[in-house]
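Should a chain be cited, it is by its letter among A, B, C and D, assigned in written order, with residues numbered from 1 in that chain.
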């Protein structure tokens, strides 16, 4: 078995030219992945032309298919999202839609292509909405085939109202640090387990 | 027209023997109501024996009917809730269920009994979940007949993770103060408007 | 006072070349608006190049500003959305983000520019998710300044699992018809009331 | 290793004297558990005096502690809930609150007591709300230590509006049947895997 692979889909509304608080938090997780010999890649979704729609490839320059190839190669998929009005971003919603639109594909056993992969989420915002965004994303991932390990919702939000974002606030929150660690290790633990002991193809084939 | 009446249903899990952060926030709104000659009452739901179920009166000592009388007399209904795991409390959920169970009653025009009343919400928590709880409660109220004025979701939450609650944190957050004012005045403004100009009984009768 | 204006932002993932179930439901509301002398326009958001981001104008061909002009002229704003995995669409999320990003503008009284406008929502899906999507959208609109009248969440969803969409199912559901009527009339009633009796500029200025 | 144990907490608002649609759906899962030699028990929460509050034992006749013993013995925990106004029931909210209040307890490794257990959800309603309720419950379970296998959100809802409930509708929906099977088998598969290969105590201790 080679090294585990982790893919972060960062759904900030900003392209790579701008600093992303969500990416800063994702990088904390990557540091642990590095130490544990897990390969990781952070993809800034706003850099890609991702079409709206439910087909696996919407054509006309749709760049989702190349991202989907990365998803298929990953053992661990983490969605990163900022918060706006207490909700995950439009790009995070789009990512879930496209993952859903590609969920008809199967693995060699006939299970959904996302089986034996684990999912998680990192969220940042000035204030409020992290748990709601995490619940929505983790549910979406679970419903299409991912395993959700315990404590894989890592986030930072500030006190009610406008205020500094994660980076400006200093990245020092102990609760967030603790959950970075839990997310990193529990995704590794479960991904290893599922690599060694895949979910039996019984009662869970996509078509049966 | 007499004075407007505002009713707070405080859905803290704690009975009146204990201090409630949500009540402390509700009291800020009451101060403005006092100044504006709006009568207000805060009811601690945990002090009452409120049965589970969808009948207007579940019998066997169910104390919802006496609370429902208060709701019917109110021009303004504010649900107050703490946050647990990012969600409104079980008692807040129960309050919405019982309001829903009583929603078959009509006013003299044949509209749902909650027509021409306005709704709002106050939320407190150590951290995260206020907007999600507010959305759920305001939607529930709107769906059964209440008018939702702008900016009637007043809340306080602290930074991510464990930490002081609203009272211990000093009740000094400017964003929260601003929203106390908006909630208080907009509920008053809309309640007055609806008292003087009730929603015409056209296209909105419960049975038609 | 001239005729009221209603604007539908249809957040289907499909451009105008394709049939939209959500638009079919919106059109039912428009029929009542026509009868009641309310001007209405349905905009297919997927036809526009709407940028991601929180500035009122993101530049580089961003077409949100022209849509925002329509919003400002409208008395009634209805967001229409399909459901995917039980959630409002990515384009609906984008619309709320852009409305939020434009919410710093004020009217002549110094209130948020959305004051004295009313909001509503129409939702269609093969199955499940309408109330959750409606709660999210109505909350977002309420939080930035819209008034939410009673019963302005009109939807159709089928039984659990795959199945026909709204148009294919025949558009005959009595519950949906009833709620089309309630949405149409209650948005008209409240919009008229707010036109004649705007919300007093007390306690609700954006900067104070 | 003995037989796996599955515990259903049925959060219907009705006590055992009344028929529960949610229980009818839970029983479908139990049939598969029986065939696969998994012991199962369905507990009707409305039969118990479960106090409000966040202490593991609220005293004064609180019957949560005896239910918590059952949770600790279970390998699989399924929350069953009806839908009211598109939300999980007040009793389901209460169950999550009490599980959360008991989440400070640890296993022999120092992980949260719910580690190496798997969670799932069954939902029934006349119409709409299943995915939202499932997302909320599965998130809550995941956040306190449960593993969420793929496709463990089994539900039935009817078409928009009032209509027959799950039992009256005939219990014949193919989508629901398929998801009964996926829930049953995937909870078994993951529970077995975690029994044989517990999550390593690295990076996930409750106090560290």
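The definition used in the following text is that contacts are C-beta pairs under 8 Å (C-beta built on N, C-alpha and C of every residue); 3 or more make two chains touch, one makes a residue touch a chain.
Computed from a prediction, not measured in an experiment: that's the story for all the values here.
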Key: Same-site or different-site touching of subunit B by its copy subunit C, using the half cut   = same
Request  = Specify the chain most distant from subunit D by Cα centroid.
outcome  = C
Query = What whole-number Å value describes the gap between the mean CA coordinates of subunit B and subunit D?
reply = 30
Message = With centres defined as the mean C-alpha position, give me the subunit B-subunit C separation in Å.
response = 25
Note = Cα centre of subunit C to Cα centre of subunit D, whole Å, reads 36
Query = By residue number and range, which residues of subunit D touch two or more other chains?
reply = 85-87, 131, 135-136, 139, 143-144
Ask   = Can you list the residues on subunit B that touch subunit A in the complex?
value = 85-86, 127-132, 135, 155-162, 173-176
Request  = Please give the residue numbers of subunit D that touch subunit A in the complex, ascending.
outcome  = 32, 112, 114-115, 131, 134-136, 138-139, 142-153, 178, 181-182, 184-186, 189-190, 193, 196-197, 199-200, 202-204, 208
Remark   = In the complex, subunit D touches subunit B at residues 13-14, 46, 52-54, 84-91, 93-94, 96-97, 100, 136, 139-140, 143-144
